[in-house]
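Going in written order, the chains are labelled A, B, C, D and E, and every chain counts its residues from 1.
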């Protein structure tokens, strides 16, 4: 082994492992969080596969079948025969896309307004600690519940029509936006608020003259990002309850008519809309949230 | 009835912080008495942590004082409720080290924020100012030399310009007194002088009293009518600039390691222009040195 | 056979960028010839945008030169394929302005990265270094005065310390030459001097040639054997530090508004220590002034 | 106006008299608000949404919910089964995330601007592929897989995996794109090969962010798993639907409560992990 | 359609028993799909004509919603399945059947469809049982891989589950247990009747439950004698060229080992929120000849895609029905 010529203080630092080899990272005070987390996740994964129920199907055959189905869906999308079965016309598909977008708009605007108010209450710098913590706790609980459960619960509680879907989607959206908004609010310079307060401005004046102008771009970016998520949710929820729209047609094509070609068309429509929305929201995020 | 009512009468003002931080010195401010007359220009000096900011903020109750009283125009404001405090705040303007402008709004809008205290919630929130208010805002901006920059966004202004917007914002409040917490600490010497000159001129012109926290002793001596020295939360000096001898400076900054003043070397006021005390004193340790420190 | 083969022979090296940016000056670098001998310490100076970085990066083909040739130890490396280039890279080390350390890894691991060029894919990816390599890494770290910081994460080191880790990383490559792209531009004068001294000492000691891009003319004059001056992509001077007269400096920086040198005022080399030319020259506009500007 | 002119000499008289500036700003603000209201109204009329009805029914709905969905003593009898399904959902979420992350990292490494392969088309193809996979509605994935893999936990896992994979690849691509290019360049200049750069610079620099995204995905996946479970008949989604459809709302409520507890717990744990990684 | 609109405008319907200014009718998810748009609209018009008040039709995508709506009185009328009707009635005893669809002879006798338990044709032998009058029994289904339709389906879950419970009284305590593996080695849900049938034909399940009316169009099933066609022991082939999802199991065949008749679902009324005089008028109108001959409601045989909800191939029209007629179903629950 190479004898090292080191100064005393340096030699004192060098560590060797059990076999006398030089260590390239210190055993003391090293950050073990990442390896530990990785290990836990790996163990859980192995455990999952060990106890998972794989069903009665022959996985190989099923995989082939799935590929064939995927082919029908992605490579042969069609509404009309020979592949499609004319369950839907382009008009109805377009109509229901518009409906889903309408639900998305309504949910997003509704939750943006409510979230703005809640976020004011949730921000530590604008509200009292007690109120802030209470709002944050409630919001965390709401956020923990999957959107689809909210929608199903509202469906039985309120009944029919788009209200249940809108409220269900909005609730989760509100929780998300409240968190994002209040984080934006908390980032604003406390001095500005203090300055306005010192000149005798009231709460709402401070909010609209200092807080809102200072954060509006971030709020808009978050709102748009949520718009994108809400669209996805509206599609998913449409499959189950309430508002119908493109999601319901997707569900019908899949579970009622078993026509993957028609599913394919609807999927492409969803992808197209999602692409467009994503393009905008990625831009906004780059511009106003990450770089700000 | 005819008895003289000072603009601001401060008696036994004190603030103590509790909590884990409060190990050694619980009192950030203790038993400060003073009186500010209308139109006076008072500088508060003292080492870092002496309680200058605490003193200033206790006056308009941005910090709640824990003892003592603040009487403004004959009215004890120490225990006013929030609502009533708003009216008092319109009369006591404030200027900050970091300008505290809303950066996404333009200069004129920031100036107009000074009027919010006079407006109802809705009009203020929507930014509905009267024509008179707007006209006055433009005048004041022009007065501090920023007429051309009215529509410039605040974040596009230089530090000195920002602070002058801050001055205009304070002036439009029609205040009786302006409290300034180290208004020039973030500025270069040239901008500092300009801001101090503007501040001094407009307050004298409008007959507004002014209390300025300063690190720069030379500026304090140059511009103010009266100087208050704080150390470890207590008032250790009060007097005219003429009375500020090197010994006084040493007493105020004594014990503060960063700001030991060599009394022999440092001449009488004014000290070298624009250079904070900490720099001047880096020269050496003089007569009143570390023995007195605590 | 016995003919002398220089370490590095650069002939007609040029780089042009196309695209919308290339409106006026297409050539970032144009027709540069020079020869670097083993163990030489060469400084490259020139105003911002002169093509210093481009020159350096064309040598080891971090940027692909668009014309000319680079012959390293007698072998033309201008058109080597990626795989062969790797072997050349092990012999040509590089040091960067921003240190470019992997800040989440500790100093010793960063130093060991210099050995990656010698390792196969697996061993290198997993960080399996031999005991000899590790021992040498510790020694080199110690040599640049960082023996105690071997296990310190790179982001916890100061700027000067980071750059010294960069030097150790270059040294462990056993390079024939080290290319340094403004190694001290982000450092304060004190750290700058320390880094330059370390760099100069270790390269001389190990007989490694060194090409350093520098903004600081004074450092260039003080440390290097030879100086190359670039302006607008072309070599406008090459010679020993002694030959660098104020006129030469003016010629190199002429036309660069930020760095006009007052020939009358600025004395002969070395200029005031640690102050970049831009500052020195802020004094005034001399004989060679704006007329020559473009 | 004229007072301004009088009081205000030279410079300001040109710039400042334009008080119409304020009017324009106000108009912009009012216009923005009006636009939002109009868009909302349009959307509401298209999807037949009545704000008044929705808002007035919320209190009653919440009361009804609390009353009906409050877990009762009898529903606690189902706790064991529900717990079992919940745990399986969590495990599936973790497994789907881990497997998706492994593949996602490979794709992200190959497709990223900083450490990725230099050949342009690879990057484009990877980005397009990830984008398509991510934007196919989860429902569609579930329906597709359901047809061939039938209704079982593995199907749920696969559907979850596909959506997670799309999302994580996107996040990972962004993460790798954002790592500083300097160290990567430095390693290349040392003669390091592609894999050296990936393992010695790319991964160490990105590790904390990658882990953070993974943990975030585990949380999100538990929620997504509910939806997928409804379709593929697995996990909490399935049990919820089972109780819901048979009008045993108290048991359905128990599922909700357990979900809350679990998601919050996982959120807390991953926050701790995330914080100690920096 | 213009008549489809908002849900429970009558949120607190219970106290407006004597008069209504609007009738709300709710449809189950199955009849809510777009293909029945015309038929539903026509039905709304018919109701309006006889009731003399505006009618609002509410489509649903959720089974629970329909039941909650009629039970709570948010809807006055509902088109329901037999099982759903019983559930709604359990929640509110004032929910009553009004009419149902008759058999093709216009009688109640054949107003039913069949819930079947089926196995692959080549495994029929395993289920032969001479002690059973039909020649087959479900004695052997234990530990097999089972496919139901969904946990809420009447003919695809409730009825077959009850049959299994009856056959194995000691081993199955509640139908709930049949939703998870235990008694069966595996439990699948096809999510629809065709789905369940495909599970069986594709070999993913050994035993499957599904009904006749949703599946037989894909099969070679004689239509003359429904009772006979649905008896145990019958074996059927998937039609050549059958549409999705049966395209993947063409040529496969299965046999019936058990079959239970299920009563046709009613148009139910919540008598609490609909005045008796209107109920009477509706009953009279719906059972009239005129209604039965409305081709937009009852599509003539062999006519496809008419948008009609019902078909004259299955029924001759609406027929009044008593609450007690549903007792057999009630007893299942």
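Convention: a contact is a pair of C-beta atoms (placed from the backbone, for glycine too) under 8 Å apart; a residue touches a chain by one contact, two chains touch by 3 or more.
Quantities reported herein were computed from a predicted structural model and do not represent experimental measurements.
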| item | value |
| --- | --- |
| Topological distance between chain B and chain D, in contact steps | 1 |
| For chain A and chain E, chains touching each | D |
| Dominant chain pairing [most C-beta pairs in contact] | A-D |
| Where chain C and chain E are represented by their mean Cα positions, the distance between them in whole Å | 83 |
| Chain B and chain C, separation of their C-alpha mean positions in angstrom | 50 |
| Distance between the centres, which are taken as Cα means, of chain D and chain A, whole angstrom | 2 |
| Rounded Å distance between chain A and chain B, as computed from the means of their C-alpha atoms | 47 |
| Residues of chain B touching at least two other chains | 126-127 |
| Residue list for chain A, restricted to those that touch at least two other chains | 53, 55-57, 65, 152, 156, 158, 161, 163, 240, 255, 258, 260 |
| For chain D, residues that touch 2 or more chains besides their own | 48, 50, 53, 57, 60, 147, 150-152, 207-208, 244 |
| Which pairs of chains touch, using the document's own definition | A-B, A-C, A-D, A-E, B-D, C-D, D-E |
| Interfacial residue positions of chain E with respect to chain D in the complex | 5-6, 9, 11, 63-64, 67, 87, 91, 150-152, 176, 179-180, 186, 188-191, 199, 204, 245 |
| Touching residues (chain side chain A, partner chain E) in the complex | 53, 55-57, 65, 85, 87-88, 92, 152, 155-156, 158-161, 163, 238, 240-242, 244, 248, 252, 255-260 |
| Chain C to chain A touching residues, read off their complex | 105-106, 108-109, 112, 127, 129, 131-132, 134-136, 138-139, 141-142, 147-151 |
| Contacting residues of chain D [partner chain B, same complex] | 1, 3-4, 7-12, 15-16, 19, 21-22, 25-26, 29 |
| For the chain E and chain A complex, residues of the former touching the latter | 5-8, 11, 26, 33-35, 58-62, 64-65, 68-69, 72, 74, 145, 181, 185-186, 188, 191-192, 194-195, 204-205, 243-245, 248 |
